[in-house]
Amino acid sequence: MDSSENKRFIKLKTAEGREKEIEIDEDGFLVNPGEWCPEFALAIAGDESVAELTPEHWKIIDYLRKYYMEFGSCPPIRMVVKNTGNDLKKIYQLFPTGPAKGACRLAGAPKPTGCV
Amino acid sequence: MTAIEGPPRPYSNFIPDYLKGSIGKWINHTVVRSGIIEHVDSEGRKVYSVKAGSTPNGRYSTETMRKISELARKYAGGSMRFTQALNMEFITKDLEDAQTLTNELNALGFPVGGWEGHIWNMTSCAGYFHCALAATDAPSILQSLANDLHDYFDKEELPSKLAISVSGCPSSCGGSFLTDISISGIHTEVPVVTDAAKTCDMQGTAFSCPVGAIQLKPLPDGSRTLEIRANLCIGCGLCLSACAGIIFQTPEKTDGHAIAIGGKASASRYGTTLGRIVVPFMPNEPPHYEKTVAVVRKIVETWKADAKKGERISDWIDRIGWEKFFMKTGLPFFQQSMEYLDLRGIMTIREGSGR
Amino acid sequence: MTEVLEEVRKGREIVSEIEKGPWPNFIREAKKTRYLVDLYGASLYLKRDLFTTGGYVSVPGVPTGILMRVTSRPDIGESANVVRVLIPSGNFMTSDMMDGFCDFADKYGVGMLHALSTGHNIEIPGIPKERVRDFAVEFRDAGFEMGSTGDAFRNVTNCVGAALCEYANLDTMQARDSFYDRFNDYAKYPTFPHKVKLKISGCPLDCARSTQKADLGIVGSWEGAPIVNEQMIKKLGSKKIDDIIQSCPTLAISASEEGIKIKGEDCIQCMGCLRKGEGAISPGKEKRFLIYVGGKLRGKKGPLTGKLLTRVNTMDEAMNLIGKIVEVFSDHAARKERMGDLIFRIGMKGFLDLMGMKAGAMNVKDLRTNIFYAVNEEDRKQIPERIVRGEPQ
Amino acid sequence: MTAIEGPPRPYSNFIPDYLKGSIGKWINHTVVRSGIIEHVDSEGRKVYSVKAGSTPNGRYSTETMRKISELARKYAGGSMRFTQALNMEFITKDLEDAQTLTNELNALGFPVGGWEGHIWNMTSCAGYFHCALAATDAPSILQSLANDLHDYFDKEELPSKLAISVSGCPSSCGGSFLTDISISGIHTEVPVVTDAAKTCDMQGTAFSCPVGAIQLKPLPDGSRTLEIRANLCIGCGLCLSACAGIIFQTPEKTDGHAIAIGGKASASRYGTTLGRIVVPFMPNEPPHYEKTVAVVRKIVETWKADAKKGERISDWIDRIGWEKFFMKTGLPFFQQSMEYLDLRGIMTIREGSGR
Amino acid sequence: MTEVLEEVRKGREIVSEIEKGPWPNFIREAKKTRYLVDLYGASLYLKRDLFTTGGYVSVPGVPTGILMRVTSRPDIGESANVVRVLIPSGNFMTSDMMDGFCDFADKYGVGMLHALSTGHNIEIPGIPKERVRDFAVEFRDAGFEMGSTGDAFRNVTNCVGAALCEYANLDTMQARDSFYDRFNDYAKYPTFPHKVKLKISGCPLDCARSTQKADLGIVGSWEGAPIVNEQMIKKLGSKKIDDIIQSCPTLAISASEEGIKIKGEDCIQCMGCLRKGEGAISPGKEKRFLIYVGGKLRGKKGPLTGKLLTRVNTMDEAMNLIGKIVEVFSDHAARKERMGDLIFRIGMKGFLDLMGMKAGAMNVKDLRTNIFYAVNEEDRKQIPERIVRGEPQ
Amino acid sequence: MDSSENKRFIKLKTAEGREKEIEIDEDGFLVNPGEWCPEFALAIAGDESVAELTPEHWKIIDYLRKYYMEFGSCPPIRMVVKNTGNDLKKIYQLFPTGPAKGACRLAGAPKPTGCV
């Protein structure tokens, strides 16, 4: 299968007002992590059952991004809890599809290795 | 949306009513016939458990399942269970019900059997039927074995319990290495990284490798890819479940399965043991896996003829030793069963005198 | 549809062979459903697994995730996602419940149930990606929880125990129920380094295989001699009594006036005499719960069975310990390191140290033969002192 | 100078004449009393072997040795032997000679004993008495043990054979780890390199270290010295025998001995086994090593009371398990017995159920 | 001599304590000689070994060297060099020979004999360095060879075997004699990477401990059932016959008309029945010689016992194999690596490969549980083929 | 013990006729291997029961020296046999006290690690 046939994109406007097309995979994850911008998160928040991105959301997204940029991977949930000062339930309230999935997707990290 | 926390409970809501008064009061059980046990409590109350064989990997059409559910309704207090080893089990309040139920189950194609000197259970994992990691197709192998050995479930006698399991890969979801006879799929090549790995969680994939064979390799364009160090890789296949972009190239040639014997959990005699690998590689030969079935049959028949009553396969081998095992079964001994590059390798060498 | 692909045609031939034979048949079942039999057949013909780890679907309320499954041959068959459903303790289900599962499988899946998975969940396979969310909502409304995935407690399993078995030292089903009352968050949210399995057996015969295929095992047992019912024993007759005496691997049993006499200090709770006793011998009164840690099957060095950590006197203590163990596990295991692998890496003594526990003779199968071992100043003082005091373990 | 090649032979020149006709024809033996065996051949001929205890590490003055030699001349065909376990053995042609000889040996201070349910032998290496590697003084420990347990050699009965050995260091020249009860010296510090190492074969010394802890270090003046990497060193002491310039600094504090039990060679029952370490460190407390003697005595008495007839210590432990061993002896369990940093370490962990 | 050193005085006190007691006493003996009792006493008081590896003395005709021993306290006692003397097979010595050794010990040594070393040599301790050469010349003139040192065959030892024992499957003394006839060069010249020990036992009871403390062990055995003397067995009576049947760990023995019947294919030559048989059961006719390799005690990973390499049918074959093994050892071991350490490093299969031999079931104690193992293309073809042919090992 | 008290020397004349004092240990082995010269070997040959140093002797001494300079140790006897083309008996004829002892001493290599 040539994946080029199936390319998908998300169109959005950047803070500066530029139109931008960001490539995503079939599960909606960023293909090129370098392309991430806050608007990307805004654009897909709904998919992950997040109605509005509050500062509390951004704090977690920021942490996830920083971690991802440093370690190339999403942090374990325990670390998210420890490092963002939220308890587990709170995090799941903010991101109903979970920190390791929904929130990471918003933060532009790659698809997690699965739940198997 | 009412959030339920955990499984439905308390359990008392789901068991036959006539069981409730006896909980914790059982004093004895008697095997009435293969598959039917009479349980008696301290007040003389009795119930009967009926154990029926299941399909490989427990695949049921809803059509069949509804019929089974109906049988539970009619004969077993409106409830049934699956055993730890995934047979169906019904608890009836009298022997007559147990017997009628047995007939109805038989009519539906399900044998009633197990316990004492019989095959107690045969289980398999999903294999090709559903799983992404399979090196061999567990359900069809189990089907072949079960078709061949089924008489030992309900008719013929064996020295003691026999449990059989088949798993499609070393994950051993089917319980390989734990049962008296078990089969486990095995890959024997190093997987390759394809373009599709691009969108994987590379770091996470590297973590998934138990031997640290996966490295992140920077590409000229600043992005990264994965690299598998062939000299370290044990071909376990775990990375495939972390990243769909990693694949085996010629599984049709290099995938197969190994046969291990002598696993058991119970504390009886020498206690818990793990299966040991008597045949390190068999090719995948569906539909009937004749060679594999023949090896298993040979082991079962030799054990049956040679073991004393009550002796599990592991006990039997403990008594006679591996040398006699190979002599008696006529199976060839493979050097590959002997030693491998790890901590326990050294333990497989025979030291000093004795078995 | 015009021509049938070669691999599908050949696959069908293979499948129709598998369909034969006396044992309950999964193909005969599958053919009554909308399962991708052609895909399966093709995989057998091609000798290669055609499923691959699927993508991702976001489902609020199932934090540990849902098992996504796609095929590498969409031309033959597409997706096959599956949900795992937690069922009541002991795997008991009412007929109504089963019918309900059938309804869901018909409506959302392919009309097939996986009953049970080897981890003792009902699985409903074949739910298309687009429908997973709807399914989840409706299914949860019906009163069920999905799960047993992700880095959390997988489904806790237990033998039937006191509900049906005279050997039981505890009500295992009750134990599982209370586990979920207490620890459901650990099962629902994926906060561990890797999955954790707990299995509970009512006695050392270990029908739940808690010493083998579980990171954590609880086995009901007792201390001292089993209880002998003198009246019943005598009725068994001397041949049978002989059998019972022979059955004891530690020679704890001797013939006596009262039939038999069991030396409590010699009993290792192997269940041998109880099995021969036809109800005349039953587990001792002083209950003990054996805690096993670190079982797992896919070991890079071979499968690892559970190791006895300790014995406690009540199920409460057992559950407290479980809580403690998973904390230690979470704090010290590497990512995707199972408990057994952690213990393999740091050693049992290392693990006991992390737990703040002291190694005892119960932790060893054998003592070392290697004399070279770091004995430090502390040990040099302490060891002879303990010898003099004859300090117990 | 007549060059002799190898040991004096053929052996027939050195055995009692009356043995010659029976070689290869023996059909049975009977233990007449502790230390005396009657051997009978297929033609009815009989001889008697008389086994006498030896001094620790076989040290004899020529004065005593000449007396022994004289006894051999008088009662044993002019020849005697030392057994594999270093007792003296005399072969007499009749029982009367055997008995007279026994009396004479006793008068000289040598007990006649061993065989069946007795102490068969007690051996030690040279220890401080002669060796350069000793961490403990084997002969004086053995002397203490033998003084304490001697009744079991010729008078009191035990469940089966008991062999005891003491070695001054892990080289185990005395046979530690092989006998039912054994003691072995152990260093617990890292040795240091002194100036005297200058003239050693440095490369050869480096080779002598089993864990590769010794490195050659170049000195400013172009010469070299040895360096011991403390983190690798297991304190085995082997380098001391390669180079006299390497020494332990405070052996009086750090040297001691470990106690191991359960070694045996014979193929009987479970076959060859190695001793396992029940006490990892005991200080050196001459002259009487009371604590060490007390531990051994405790083990012997517990085994005696608990074992069934014919059960060697290793068989007994195989039956009851280590947990019961510690319970019954009342010895404390030391964490240091459990695990150590090597391949077999993992094997000492108890897995699954069972003993 | 004026004042006695503190350590000597204290040492003497300790030594006089050791001198007490009922067992034959090495101090009582030592005091009748010129042995350095004061040095020994001081070492006990100081809790430190006062001997140290001695220097070097050149003695033509003793290529493997002589054990040089000096003390680190020449102020208390000087040197204590020792020679090892090879004695006849089975450690038999004539009275004349012993008297001769005494003469030499009196003349050159300290008037003490070490009889025997644990390697079964006579040792004559305490020969001053300056006198070693003279001793050697005179001693060799008297017809004796020194040795059992250096990187060569150490003294070969054997149980008494056929000369005194009904269990013997071979004349072990004759075997040792012929070993030296054939291989003396290997014993005399230090050409190996490290020392090599060979011990020979006449039967699996292994009185020579050849499975434990020897790089090479030969154990006489047989194939199939032991020989039962029907007349004798019947005389033993049913209680004793029962005992015999019980003694068999593999259950190879059953009661029969003729007393007992032994299933040859089940016998593992454990000697159990022979020991109970009071002469009525003896070793089988089809002799086999078990070759063990790699025993040694000072293992950095714990002592290593010998591993069964193979069984051969004649002592000639056994000796040929010994020759082959030491060649392989010499070619492949590192300097100062014992055979057991070599095998530990490269694995038993590696060693068999070097020997050009195939692994058989006899080489394993257990089979592996770890499925991960390099199965290569060749194996993939060969394994199912051998299964089909049911090819024996 | 201060070893300086016990210093021992061998006095010899070099090829150039110079007087030289070479330090040896109590067993007659060279203390500073750098001081070796052929005359040293000649001077001590008698101690090792070698009456005369023939070319056959020198061939072995040369080999031992070369090996020692490269590996810092005496070669195993097997290597001496292989690399000098002499059989074992021949070597012991030439050096009655053995290659690993007598010959090595002549070649200026340090005292061997012993025969234990």
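A, B, C, D, E and F are the chain letters, set down in written order, and residue numbers restart from 1 in every chain.
Basically, contacts are C-beta pairs under 8 Å (C-beta built on N, C-alpha and C of every residue); 3 or more make two chains touch, one makes a residue touch a chain.
Remember, it's a predicted structure, so these values are computed and weren't measured experimentally.
Trainee: Quick check on the contact graph: shortest path length from subunit D to subunit E, in steps?
Mentor: 1
Trainee: Measuring between Cα centroids, what's the chain most distant from subunit B?
Mentor: Relative to subunit B, the chain whose C-alpha centre sits farthest away is F.
Trainee: Please tell me whether E-F or C-D has the greater number of C-beta pairs in contact.
Mentor: C-D
Trainee: Which chain's C-alpha centroid is most distant from that of subunit C?
Mentor: The chain lying farthest from subunit C is F.
Trainee: Once you find the CA centre of subunit A and the CA centre of subunit E, what distance in Å lies between them?
Mentor: Centre-to-centre distance between subunit A and subunit E: 70 Å.
Trainee: Can you compute the centre-to-centre distance for subunit B and subunit C, using the mean CA position of each chain? Integer Å is fine.
Mentor: 12
Trainee: Report, in whole Å, the distance between the mean C-alpha point of subunit A and the mean C-alpha point of subunit B.
Mentor: That pair's centroid distance is 40 Å.
Trainee: Provide the C-alpha centroid distance between subunit A and subunit D, rounded to the nearest whole angstrom.
Mentor: It comes to 70 Å between the two C-alpha centres.
Trainee: Listing for subunit F: what residues touch at least two other chains?
Mentor: Answer for subunit F, listing residues that touch two or more other chains: 25, 29, 111-114, 116.
Trainee: Mind pulling the residue numbers of subunit B that touch at least two other chains?
Mentor: Those would be 170, 177, 204, 207-208, 234, 236, 241-243, 265-267, 269, 271-272, 274, 342-344, 346-347, 351-355.
Trainee: I need the residues of subunit E touching at least two other chains; which ones are they?
Mentor: 53, 61, 204, 206, 211-212, 249, 268, 270, 300-303, 305-306, 335-336, 368-372
Trainee: For subunit C, which residues are in contact with subunit B within the complex?
Mentor: Interface residues on the subunit C side: 14-15, 17-18, 20-30, 32-33, 35, 40, 43-44, 46-54, 61, 69-70, 80, 82, 86-99, 101-102, 105-106, 111-120, 125, 137, 140-141, 143-145, 155, 157, 159-160, 162-166, 168, 171, 173-174, 176-177, 180-181, 184, 187-188, 204-209, 211-213, 249, 268-272, 275, 278-279, 282, 297-298, 300-303, 305-306, 334-336, 341.
Trainee: Mind pulling up the subunit B residues that touch subunit C in the complex?
Mentor: Listed in rising order, the residues are 1-11, 13-15, 19, 23-24, 26-29, 39-40, 47, 49, 53-66, 68-70, 72-73, 78-84, 86, 91, 109-111, 123, 125-135, 137, 139-140, 143-144, 146-147, 150, 168, 170-178, 204, 207-208, 210-211, 234, 236, 238, 240-244, 248, 251-252, 255, 263, 265-269, 271-272, 274, 284, 286-288, 342-344.
Trainee: Provide the residue numbers of subunit B that touch subunit A in the complex, in ascending order.
Mentor: Per the touch definition, subunit B meets subunit A at residues 195-196, 198-205, 207-208, 216, 222-224, 241-243.
Trainee: What does subunit C use to touch subunit A in their complex?
Mentor: Within the complex, subunit C touches subunit A at residues 53, 55-61, 63-68, 149-151, 185, 189-193, 330, 335-336.
Trainee: Flag every residue of subunit B that touches subunit E in the complex, lowest number first.
Mentor: Interface residues on subunit B, with respect to subunit E: 170, 177, 184, 186, 188, 234-236, 253-254, 256, 258, 260, 274-283, 291, 294-295, 308, 319-328, 330-342, 344-355.
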